[in-house]
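So that you can tell them apart, the chains are marked A, B, C, D, E and F in the order they are listed, and the count of residues begins at 1 in each.
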Amino acid sequence: MARVLTFGELMLRLSPPGYERILQSPRFEASFGGGEANVAVSLVKLGVSAAFATRLPENALGDAAMGELARQGVDTSWVIRGGERMGIYYCERGAAQRASKVIYDRKHSGIAEAKPGDFDWDAALAGCEWFHFTGITPALSEGDAALCLEAARTAKAKKVRVSCDLNYRKNLWSAERAASVMRGLMPYVDVLLANEEDPEKVFGIKAEGSDVGSGELSREGYEKLARRLAEEFGFKAVAITLRKSVSASDNGWSGMLYEDGQAHFSREYDIHIVDRVGGGDSFAAGLIAAKLGGKDAAGAIEFAAAASALKHSIEGDFNLATLKEVEALAAGDGSGRVSR
Amino acid sequence: MARVLTFGELMLRLSPPGYERILQSPRFEASFGGGEANVAVSLVKLGVSAAFATRLPENALGDAAMGELARQGVDTSWVIRGGERMGIYYCERGAAQRASKVIYDRKHSGIAEAKPGDFDWDAALAGCEWFHFTGITPALSEGDAALCLEAARTAKAKKVRVSCDLNYRKNLWSAERAASVMRGLMPYVDVLLANEEDPEKVFGIKAEGSDVGSGELSREGYEKLARRLAEEFGFKAVAITLRKSVSASDNGWSGMLYEDGQAHFSREYDIHIVDRVGGGDSFAAGLIAAKLGGKDAAGAIEFAAAASALKHSIEGDFNLATLKEVEALAAGDGSGRVSR
Amino acid sequence: MARVLTFGELMLRLSPPGYERILQSPRFEASFGGGEANVAVSLVKLGVSAAFATRLPENALGDAAMGELARQGVDTSWVIRGGERMGIYYCERGAAQRASKVIYDRKHSGIAEAKPGDFDWDAALAGCEWFHFTGITPALSEGDAALCLEAARTAKAKKVRVSCDLNYRKNLWSAERAASVMRGLMPYVDVLLANEEDPEKVFGIKAEGSDVGSGELSREGYEKLARRLAEEFGFKAVAITLRKSVSASDNGWSGMLYEDGQAHFSREYDIHIVDRVGGGDSFAAGLIAAKLGGKDAAGAIEFAAAASALKHSIEGDFNLATLKEVEALAAGDGSGRVSR
Amino acid sequence: MARVLTFGELMLRLSPPGYERILQSPRFEASFGGGEANVAVSLVKLGVSAAFATRLPENALGDAAMGELARQGVDTSWVIRGGERMGIYYCERGAAQRASKVIYDRKHSGIAEAKPGDFDWDAALAGCEWFHFTGITPALSEGDAALCLEAARTAKAKKVRVSCDLNYRKNLWSAERAASVMRGLMPYVDVLLANEEDPEKVFGIKAEGSDVGSGELSREGYEKLARRLAEEFGFKAVAITLRKSVSASDNGWSGMLYEDGQAHFSREYDIHIVDRVGGGDSFAAGLIAAKLGGKDAAGAIEFAAAASALKHSIEGDFNLATLKEVEALAAGDGSGRVSR
Amino acid sequence: MARVLTFGELMLRLSPPGYERILQSPRFEASFGGGEANVAVSLVKLGVSAAFATRLPENALGDAAMGELARQGVDTSWVIRGGERMGIYYCERGAAQRASKVIYDRKHSGIAEAKPGDFDWDAALAGCEWFHFTGITPALSEGDAALCLEAARTAKAKKVRVSCDLNYRKNLWSAERAASVMRGLMPYVDVLLANEEDPEKVFGIKAEGSDVGSGELSREGYEKLARRLAEEFGFKAVAITLRKSVSASDNGWSGMLYEDGQAHFSREYDIHIVDRVGGGDSFAAGLIAAKLGGKDAAGAIEFAAAASALKHSIEGDFNLATLKEVEALAAGDGSGRVSR
Amino acid sequence: MARVLTFGELMLRLSPPGYERILQSPRFEASFGGGEANVAVSLVKLGVSAAFATRLPENALGDAAMGELARQGVDTSWVIRGGERMGIYYCERGAAQRASKVIYDRKHSGIAEAKPGDFDWDAALAGCEWFHFTGITPALSEGDAALCLEAARTAKAKKVRVSCDLNYRKNLWSAERAASVMRGLMPYVDVLLANEEDPEKVFGIKAEGSDVGSGELSREGYEKLARRLAEEFGFKAVAITLRKSVSASDNGWSGMLYEDGQAHFSREYDIHIVDRVGGGDSFAAGLIAAKLGGKDAAGAIEFAAAASALKHSIEGDFNLATLKEVEALAAGDGSGRVSR
């Protein structure tokens, strides 16, 4: 079975019940989430062996986080323990015209205070075929940026494929610092993933002819964008998620995979959103699983789009859709008839 | 007041909260459900007296099931107690592209282990105008198939009208066995109910010109289907539910009633689904109530379609919509204005 | 900061969980609500200082109601304590073809048994720029009708602007009594608010060319309606909410403001409903806040429509949308992208 | 099977979760309760057929109340429908030094506004061996006092045994009015039930040598009290519950039955309280069931004490302990070993 | 780190909320439990590596059970998948005089239908120092009895220590069959564990001078009992849990370990019970962990008693008390001061 | 009405449901708490006007904290907004031998990063009769220590009485630093409050003849301790809470007030604990309210002990017991009879 390592932060996620606003009533649903952990969990559900590297505090919360990763089948051998706290994020579900809202309380976490040398990348990557990280991890701290560089370099040296999801977060770092750090990491990256907006925000490279705000997306624009990215940084492939934001409840959702000089677009799904957090991560996991499984570009983008369409119907950060469910949807069965 | 007897299994239904997957969090909402019990409950809400015959174990779960039937106003005089367990089903609510999922754990239940002679059909049917069962009951066990035959025969002999909802369940029996058993029961049936797919699966009789998967339904095809069924088995009426599965969240929903050589189609509802389990049962109850209430074919199919459209907006197996609510919708008020 | 006084009833609101019917399971979510209190809370969220006058019993429920008003930032200095009970209303959420359902148990409440002279309107209105009430309050009892008259007269005398939302409730009084009492109050009203149906029900003045049941609304008809109302009663402005009731889950929603002889229509929102109770109240609050903030008619109606569109996505009677959120939506951002 | 009729009010009971204060968090557990309904439910669990007469409003709450009675197996044939509301009571669970707290909102209920002649007592008591009411019902309104008199007279005339639990509620009526009305009812009563304090409060007849506040109870004093009551009113039997209030969490609990000139005391239970509301009602039901079952005085008081001791361990007003459980405890097995 | 293998059934456990009776309200808390799995989980919390062997169905429930074992840190490598269902048990929490109640629905489970040869005991026991099973597993089916024999024999042959907890369940088999099967297994057992009653029920060997019902326990009697067991079957050690059942809420709890001809008694704890299911299993785990950790008999019995005393304060079957917490209590700190 | 200012931190408190361990199931009950805020809330419930000064972040969590203070009736005029996060604490309820457990995540909070000069103490203390803080606030950061000094000095200068609860937290600072900072604050303190252990931990002054671990407390020892403290620091009064920790479920609880050279002991309560967090704070509030209300030393200590005994029966940090309830208990009514 193929094996993937991801590296990043796992946070405690606190969500009000249903469509309530934060602390409208005095309860939180508690789960865990974070870009790279989401990818690892999703990979396991898709039948790929995955390990997740992070740093968690030595307390009951860190223990619970470890337990949750294990429950989902993720290998936690490369989680190190230390630091004073876990990052937390509060996640309020939107509806219709009201956007979902996220409040981060992730500073000073165990992983944000990790230092170069804390992880034995050579050992962690042994036996792996793929290494994945996102633009969130290097944004957490200088230490984490250095750790990403260590890991990506080690992967490259070991001929482990490397993917990176740009995932620009404006509240974590400035566009300038993001550009500088991410450009330093790109030489080690084989497959770049991004949403419609990130390439412009991070690298100043824009999809022409599209207006993200209005939901108008131009196929040609995205193909050109991917080509420019691939040419500038030498990526083997560029994958982009295409979200038409109709409202907080309804989106159009599809993806594009640019590979060998050609763009492949998935079908577009009309998704009615249960929980959109982790949508991009489930797309990344779908793409990695598809490529590791030997799918061609057209098959891979359909698989990734189907996986991530299903994610939007699932509570929490993690895509709990199974390989069988993703394959059925990718094959065209989205009618939602009861499975008995 | 007209009186109806239904016969079948009542199961404990365990559902995760909201849109969660099974055991995503460690809680279940517990309710009860089962095709024929659903019909009985729905009939009571529509103002018809209904009794339900089954066999429940002598323990706290069986007691709770009895209590729930009584709470809903169903006459439990013909429930016998015995056996080792209740059937259980786990019901996960789908959304958008993710289908609802049902896991059955119903083998070895009290009713599955019932034997011919366990019920005094002559007494149970005394004073009844209608007897209803579905294709699920004979599928449970040979004993239950024999009991269905006993009951249907007795009803026929007592000039009690008999309806049967085909309700084919592939995980309960093979198509071959279903065909054989169901064909043996049809001579006692006056009114056949089915969804778009069951007649083909059970009797090999197909609605021409329709493609269930794609949601394309042809009126003529269904009319022909009903005519063939009526001709082959001598039914007085054939009613078919017509579901356009757009997604797990949204469906088109209507019904057809073929009577006296003519097909009557209800209007079609765009339904936004809260809980679709029991949709067909609520249609059956609506049809029975309408016919007992003296409605003509056109009125009956509108009433049945309205009742079952409302069911899709109600949590649980049981259609808790009232006679007044169904009549209002059948009369055209589906605007959803607040009722104060 | 501008200051507003509203006067009316605050009720305990008991709602079944999710889409359940009343007492389908043995739990209620408890909150508080009532037209004028809803307006006060919404004003506070929109940055306007608001006080709410009512009469609450001296028990733990009355204390909790006081606490909730304070939690929302409403000035409770003019709440008097007394009477034997709080009004209660049970609120069942509808979906699709099933309408939301409200059961009132509000008779004999502290406020219903209030008497003229119970409130010191002169003091309560000191420093206020606006007084708001709805047609519900005078409908509660003769005492409350007299109190509304006292308050409106005092406001007029103090040059405090007065708005009234017609809010006709057929279960509280007859159309005849409503017409008589409301006509007596209109001379003190500067701004009239209403939904599409109230002017006809209360004053017999109808929007021509529209059919509320079918959801067909004619712009010209509403403009004429507003003009007739303004001419007959001398209102400075007339605002009307325009709801296209597609189903209990989906509505079209917009508003019209008639001012200085001209009608201004907001854009129309396709709203997917989380909770529609209090929608009109949030519109009133939006309009009051906009006018107090100096917006012109076109800006005010967009602001009011945006505020009330957002309300439909929020649980409970109170519009918890913030000034910033309303301004963003009024400015056109309804795409529902995650706010991080 | 013996058959009992009880008559009184059934209220909606709203309780905060766990040990929370009223509306500390915005949720209520909803159940139903009321002295005489509690007795009826408990009788059913003890294997006695029971009907309950009351008047409930024609709305979803009244329907739910009917459903709950039916769920518990109580015959609702003599429930009439009408009136504007159900009585409600809020019930906050105490602990240790903090007493449980009850807030009533029961005025203007359907039953409080019932009138003489509303019930057909002759038919309702047909086939009954026992009629039971408490001092709460006549306290609700003059109409209810008259109805109690009607019912008790009819029972007497039909040779149906009559029991009355004094149940004095100071917030419902004055001691003077209670004395006057209750004295008028006593001639029809065969078995009087009371707690330690009621006889003094209602009839001015005190248990000498006991100090209820301190929890000191004198056997002789209670025996004398019962003798005085029996002599003054001609009761066949007098039963008294003896509660030693250590704290809101822990009580001593026993009972006395005075019959044929002799007092019989049950063993005393150290009870750890889950829910003490309905404790006295479960004692009454235990006593009635025991007498109908032919137990002698010593056996009856042990049975009643055991039934009511178990009630204190059960959530809600209703004693859901079964005949088998009560018999086991009365026979001495209170060790709490797991029943598998 | 020492390594232990346990073998048995893991069931889905469904519990009503708080002190409610089964289905009093329509919800279940869902967890997992079963004697040998409980021991494995507890061992992990006490710092011992543990694997659990069982057979679980290939469905979402089996997956969730696997996930829960992994979450708790148990090695699931020896769980095989198959069969049609998981065993279920319903667990109602008692209080005071009301005993906790368990309803089993465990027949026809995957493990009950396992067959000799299904497990590779040689591989599973490789590297293990201890094998543990209870009297429940051989009681499930003949296949499971044979599997226990296979496993115990293999362990013996590999010089892996074997412990068995008698755990007699009268609803699973007769005393006769239990005696016959258990006597066949004893030759492979090094350490026998039992409660006060099991030795008599299974082997007819009684603790003289004690009366379990009354809670009277004689130290000498238990010492003699252990000596007789050790002599008859050649056990290296015999450990007995001593429960004084005051009520369902309060118990006295201690343990005895007989080793090298001498009995060692732990201190006795006054336990206030949160959840007593799994108490004996936590004692077994404590004893195994203590012996593997090199504790002498006196230290081991104090450790086992402390571990299992803590279990009674923890929700669910699993003892989640940590090594540190058990050591602190065994060292005498039971004052319950807040740990900050 | 007397007016009190308190100053400190308000944290978000996250608690697992019931007796569960942290994240045993994926839910938290959310409330707010912190020593000095607890005192302010309790004072309001006891009829004293109270303001609370702190620094809260400008986000939805800070807003909710403000709302909660307002709901409880606390004046929030002196709360300033800023900083990046709120402190959080996780609070796991213990039972029997298992201690309650608290995990703090309070570093880097808004208040911890407050600076001297951030508060206008002169204005905040205007009109106040009392200022209260605890040893937690100066332990949070150097800035907070300096702020305490500012506030205490200002109070002293304005002749506002100052009380301090030592509240030593070993995880916040070393004993050395605590001694140094607290000794610098004592000159401004009039009334010192402490538990049995704090004086030794902070000042090295021990209650002779008592052994806190064993729960043995010597009256003479505590009197001597108070005298030594009063003499060394010049306090007008010293109050000490005396907790006998029987287990996490049951404690003995009383208090001592040393004033004018004499020690007054309250009665001792056997408390069955619902939630012990905030027990000391409720004692402080009780004492302050009693002294402001003019009670003598004996009356004040009984009032404070009664208030804090009741706190242990209430969920959350805040003592929601009312003045009336405290007075009733202080007057001797702890029998827990239902209050109707």
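Note that in this section a residue touches a chain if its C-beta (ideal position, glycine included) is under 8 Å from a C-beta of that chain, and two chains touch if they have at least 3 such contacts.
Just so it is clear, the model here is predicted, and its values are computed rather than measured.
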Checklist entry - Which chains lie in contact with each of chain A and chain D? => result B, C, E, F
Checklist outcome for this item: Comparing which residue numbers chain C and chain D contribute to their contact, where sharing over half means same and under half means different, the two sides are same
Next on the checklist: Can you tell me which pair among B-E, A-D or C-E shares over half of its residue-numbered contact pairs with A-F?
Outcome noted: B-E
Checklist entry - In angstrom, rounded to a whole number, how far apart do the mean CA points of chain D and chain E lie? => result 44
Checklist entry - Rounded to the nearest whole Å, what is the centre-to-centre distance of chain B and chain F, using the mean of the C-alpha atoms as each centre? => result 62
Item to check | Residue list for chain C, restricted to those that touch at least two other chains | outcome: 18, 21, 25-27, 29, 67, 101
Checklist entry - Graph of touching chains, which shape: line, ring, star, complete, other? => result complete
Next on the checklist: For a test of understanding, state which residues of chain D touch chain A in their complex under the given definition.
Outcome noted: 25-27
Checklist outcome for this item: Within their complex, chain D touches chain C through residues 14, 21-23, 26-31, 59-61, 64, 67, 84-85, 88, 90, 92, 101, 103, 105, 107-108
Checklist entry - Can you list the residues on chain A that touch chain E in the complex? => result 67-68, 70-73
Checklist entry - Which positions of chain F touch chain D when the two form their complex? => result 18, 29, 269-274, 306, 309-310, 312-316, 320-321, 325, 329, 333-340
Checklist outcome for this item: Counting only contacts in the complex, chain A reaches chain C at residues 18-21, 24-25, 94-102, 104, 169-171, 213, 215, 245-251, 276-277
